[in-house]
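Same chain, two partners: chain A is paired with chain B first, then with chain C.
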Partner chain A sequence: MFKIEILTKKGFKNSHGKHVLSDITGIGIRNVIKVEYSPLYIIDGDINFVEAKMIASELLSDKIIETYTVNNHSEHDSKSTATFNCALFVVEVWYKTGVTDTVSESVMKAVKDLGIIKEMKVKMGHKYYLYGKISQTVLNNIATKLLANTLIQEYKIK
Partner chain B sequence: MKKVKTLILRTAGTNCDYETQAAFELCGAVVECVHINTLIEKKDKIFEYDILAFPGGFSYGDDIASGKILSNEVKNKLGDKFKKFALSDKPIIGICNGFQVLVKMGLLPEPKLFEQISTLSYNDSDKFECRWVYLKTEKKVKNESNCIWTKNLPDIISLSIAHGEGKFIPNNKKLLNSLNKNNQIVFRYSSKDGSKPEYPLDPNGSIEQIAGICNTKGNIFGLMPHPERYVFALQHPAKEGFDGEYGWGKIIFQNAVDFVK
Partner chain C sequence: MKSTTNCKIVKILDLSDKQLLELSRKNVLSLSLEEMKAIQNYFKKLKRNPTDVEIETIAQTWSEHCKHKTLTGVIEYTEEKGSQKVRRTYRNLLKETIFKATVELNKKWCLSVFKDNAGVIEFDSKNGVAFKVETHNHPSALEPYGGSATGIGGVIRDILGVGLGAKPLANTDVFCFGNPNTVASKVPEGMHHPKRIVKGVVSGVRDYGNRMGIPTVNGAVYFDDGYMANPLVYCGTMGIIPKNKIEKKVNFGDLILVVGGRTGRDGIHGATFSSIQLDQESDVTAVQIGNPIVEKKVLDVMLKARNLNLYRAVTDCGAGGLSSAVGELGEKTGAVVYLNKVPLKYQGLSPWEIWISEAQERMVFAVPPKNKKKIVEIFKKENVEAVFIGEFTKDKKLTLIYNNDVVTSMDMKFLHDGVPKPTRLAVCKVKEEKEQKPVKMTSSEISKALRASLADLNVCSKEWIIRQYDHEVQGQTVIKPLQGNDIEVSGPGDAAVIFPYTVVRGTKKGIVLSNGLNPQYGKINTYKMAASAIEEALRNAVAVGSDVEKMSILDNFCWGNPNKPEILGSLVRAANACYDMSKAFDVPFISGKDSLHNEYSIGGKKYSIPPALLISAMGVIENVANTITMPLKNNGNKIFVLGITRDELGGSVLAKIKNIKDGIVPNVYPKESKEIMKRIYKAINKNLIESCHDCSEGGLAVAISEMAFSADRGVKIDIDAIKTETIRSMTIAEILFSESNGRFIVEVYPDNEEKFQEIFNCTVFSKVGYVNDDKKIIFESKKNKIKVQEDPETLLKVWQSTMNW
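What follows is the complex of A and B.
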């Protein structure tokens, strides 16, 4: 099983993170100072590490503005690695079991287009890095009000 | 007179194919909307056509990133055919999602290279932006555009935009300089008087307000605005246009049809 995280390269705007920060401020929470967003993918199947890296580089990331890690391993130098190392709080959001994940279905089709014809399951998730002095209660508030639709999604705070 | 055959490539999520077809037909072209699976089955079918259009829409639901899955599919299954078509100097246009496909596939800005060297990323606002904007037509070759699609346009035109990922980013300063030097920048977002715009007239924060580019030869053209939505003056909010009847978008399609004739 491979967990792929897509990161914005240094020097490029993490638009969705900024938008989420604006939404957090909008609901009256002032002590979050920065938010960064990363899409996540879990690929479970008969693929190897080289194929997982190919999927990450050729399909899931945009080589101009993004980089990636596969199982938290990055081969890029510090210049192209995003600045997420000192995040204070991390929230991951995933669909609950049984909820149709349309992006994952598209990813499986696109992996086949890459020439990797193997049985696999894909899950797509969202990772938010929140910087600031944030209590657990406020963090839960942000997660349930803004980051996750708890009817169909679950979240984990790390 | 020669019949100009245009292929409009469609797939799941394409939604501007009929409008693009209507625009080409208005200019005298014979048009077929062809599903990508048909082209994959008959790979040489593309060479039956004079013009190739990648229309707007939300191919594959914009999943992963806009245009990414279609560009991946075209490049991996039909790449050599599309490259050959592009290098034969036939006109190719990518509108909005089609522009994203051309850029991510690598047919723009340099089809010979056929590598992705620029991108169209999320708007600075992180929102879907949908409105009329002003565009400045770059005219640096004998006071005319380098692009075959954008001859005979006034200095400033307006077209409508509708996109969430339209921020054009080249991979480095060298490429940006080369796009400028080779007159490959075709449209820039502008204010009504031609000055540098602020949001919302600049809808996405593109580097140097780039809204459309072409290859060095000028036959391959990609743009975020939708010319097919302004072929009649009636489609403009103030009913502006030319000859009392047509919108500026028509000129773009007419140029390509006339070029083939």
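What follows is the complex of A and C.
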């Protein structure tokens, strides 16, 4: 099983992260100062590390503005921006089992089009890095009110 | 019939009334006691208990969503006006109001009305245009993105499923939300914040519509706190269809082909769920997620199959899933379906789940056996899954087989006609509307009110939403939603015009789409709300150049709980307004839909939404070159106001801003309005009008300002020249902000003035000013010593800033 994370390269705008930040301030939470967003993919099947890397670089990331890690292992300097001098919270959001995940369906098809014709399952998730001084309650609020719809998604705070 | 591991026998033969109701509630069947008893009696006659598949099939088929039980049921209506009481019994409200008007108007150019997935009118000698608007409120409340995406996906499939399939040309969308600026702590527990709902709903429509390659060209957004926990999401699609593909007919022996997406557990109980009030513990599986890529493939390939005459009928899988789709197609013949042949997303679904799942992007076809091979080949070429799951029979029965076991065997007649007609009580106490105290304002107060009106959520620019939609794809959008000098300077267009030249080669004709909606009026008077919505939709279309004599309209009722007599009563009044206006304007209804039970509970207390009737209008025009936009065109041109300004501030934007009690809700005067509408079409086609704008929310002050700032021009208006009702003298503020129906503002080139006035002879109109070259918007009354002066640029910014997210 491989977990692939797509990261924005240094010097490029993490635009979805910016949108999320404006949504957070939009509901009146002021203590978050920066948000970064990364799409996550779990690929479970009969593939090897080289194939996983190929899927990450050729299919899931944009080579100009993005880079990737496979199972948290990266060949490049992957962390997109300098770390802030404040707390960092990480929230991961995944679909609940049984919910139609159209992105994963497309990824499975595209992997086959890449020439990797093997049985596999793909799951797509979202990872948010939140920088700022926030309490657990506020963090939970952000997670349930903005990042995850708990009806169809579940979230983990790390 | 036996119980198997996958299919259970439901013992209902000996259940008491209480137990029957409990069964209905526990299994989310949304069936009343009367209905449960009808089922019990049917199976008593068969001398056996039903299976779970049978019970679920009946519940889906009989759901409010599919059968419109309330509007087609018996209604005992009482109208109280002062001490007078008028009683009337409706055997079928729809047939006695909306549909009746269409039958009486009997337009030859109405090709298919109220019987298929969409209404179809004539476009030219060879083609028809189909239009349908649907709601997807409950799913959007729970999962805004998925709910609205599947809403637009569903209505596109309605257009694909009309006749033998129409080609979608344009989408429309209209939303009602709670105030997006609500403080987070004021949002009811368990509900999404209105801003999250707005953003989710908009991105859902955007992603689905844009990916389908269909432009989203027309819409409206309405904010009111009554929609906080129960937003309204209306999605519409218009498409074009050859006249010889409008009829469908299923023959016995035809094979049942299911095409498109696979079946999963998504959206189970969607049809019955829509009749349940929303609360914190709503059903998880009622949520559907859309996949536009699959639907786009289905769209492309099915039109190919249609043109090769490979199938005899088609319909979409919407609410109730295969159960409703196969049931509808096989109503007159009968059908046998092998449930284990249905392609699944994953294993583990029970037969009843397969049968009623509302998994998206599926269509059902009736294919003559001789085309079996060819049709599958065509779908396969485009990577679209197409699987035969059974055939249509002549036994007039629905038979479902799962792994060689018969799990359902019921008469189609019972399934489709067996639902007992409920009798509901409806009461309407007609409130007497009183004129407000005269609204007196100084020049600076009027200035302030004008700015506040332009910044009001229901008037302000919706550019943030509109720009996310692709309204140009297919390259046929002639009149667009935002109109003005450039991208930065633009005003709100009244209606959209589509020029389908890529589909109908050599045509000059066009299709106009518009809408009318005003729930604020409905809080006071639903008759006037409905009448105003109809007039507003027509007015919007006429303002861009539509011919009112070739227009058709669609109704979409979103109401609260119809079991409450006052709520149903307000609906009856609105339906009566629909009949009266349809007849008076000579404009037929061609299709419609209702979503009742829009009710939610907060802390145990139940609330119904403010009633909302969306009227969507579609017109066919002879020459798309003769259409106009609303920004002012040239300095020195004259400004005319057509129609009478009456003292009608009830439910107006000004009344809300200034907290004015009382006020008369705008009435509709069809005779007066229609004359003006007819003449505008004539004048536009003689090239006598430079720009035209409908006057609605915010009155003349807002409409004239919009025309000026979208062109970055000034305008000088003499308020004393505006023709008003003579019964009572109106104050300046009342004249400027009254929302009387039937009014247009037009710009006329000085040399055309005479010819223009000739055309409008015998109607009420007046010359009120001219386009100014000093870039100032001026409203002046010398008589009352009032002078309001504003910069177009400032007003534009005020209008744009409210929803600048």
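Just so it is clear, the second predicted complex is superposed on the first by the 147 of 158 C-alpha atoms of A that agree within 3 Å, B and C clash if a C-alpha of one lies under 4 Å from a C-alpha of the other, contacts with A are read in each partner's own complex, and residues count from 1 in each chain.
Everything that follows uses one rule, which is that a residue touches a chain if its C-beta (ideal position, glycine included) is under 8 Å from a C-beta of that chain, and two chains touch if they have at least 3 such contacts.
The model shown is predicted, which means the values in this text are computed figures rather than measured ones.
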Check your understanding: Of the partners chain B and chain C, which touch A:G98 in the superposed model: first, second, both, neither?
Key -> second
Check your understanding: After lining up the shared chain so the two structures overlap, which partner does A:K118 touch, if you call chain B first and chain C second: first, second, both or neither?
Key -> neither
Practice item. Using the superposition on chain A described above, determine whether A:G26 touches chain B (first), chain C (second), both, or neither. Key: second
Practice item. Report for A:S106: first if it touches chain B alone, second if chain C alone, otherwise both or neither. Key: both
Exercise for review: May I ask you to decide whether A:I152 touches chain B, chain C, both, or neither, giving the answer as first, second, both or neither?
Suggested key: second
Exercise for review: Could you tell me if A:L60 is touching chain B, chain C, both of them or neither one (first, second, both, neither)?
Suggested key: first
Exercise for review: Have a look at where A:S15 lands relative to chain B and chain C in the superposition and call it first, second, both or neither.
Suggested key: first
Study note, to complete from the structure: Note: overlapping chain A surface for chain B and chain C spans 102, 106
Exercise for review: Note which residues of chain A are touching chain B in the complex, please.
Suggested key: 12-13, 15-16, 18-19, 58-60, 62-65, 102-103, 106-107, 109-110, 113-115
Exercise for review: Under the touch definition given earlier, write down the residues of chain A that touch chain C in their complex.
Suggested key: 22-23, 26-28, 98-102, 105-106, 141, 145-146, 149, 151-152
Study note, to complete from the structure: Interface with chain A, chain C side, in the complex: residues 142-143, 146, 183-184, 192-193, 195-196, 199, 264-266, 282, 284-285, 287-291, 293, 345-346, 359-360, 805
Practice item. State the interface residues of chain B toward chain A in the complex, per the touch definition above. Key: 60-61, 63-65, 68-69, 72-73, 76-77, 104, 116-119, 121-127, 169-171, 205
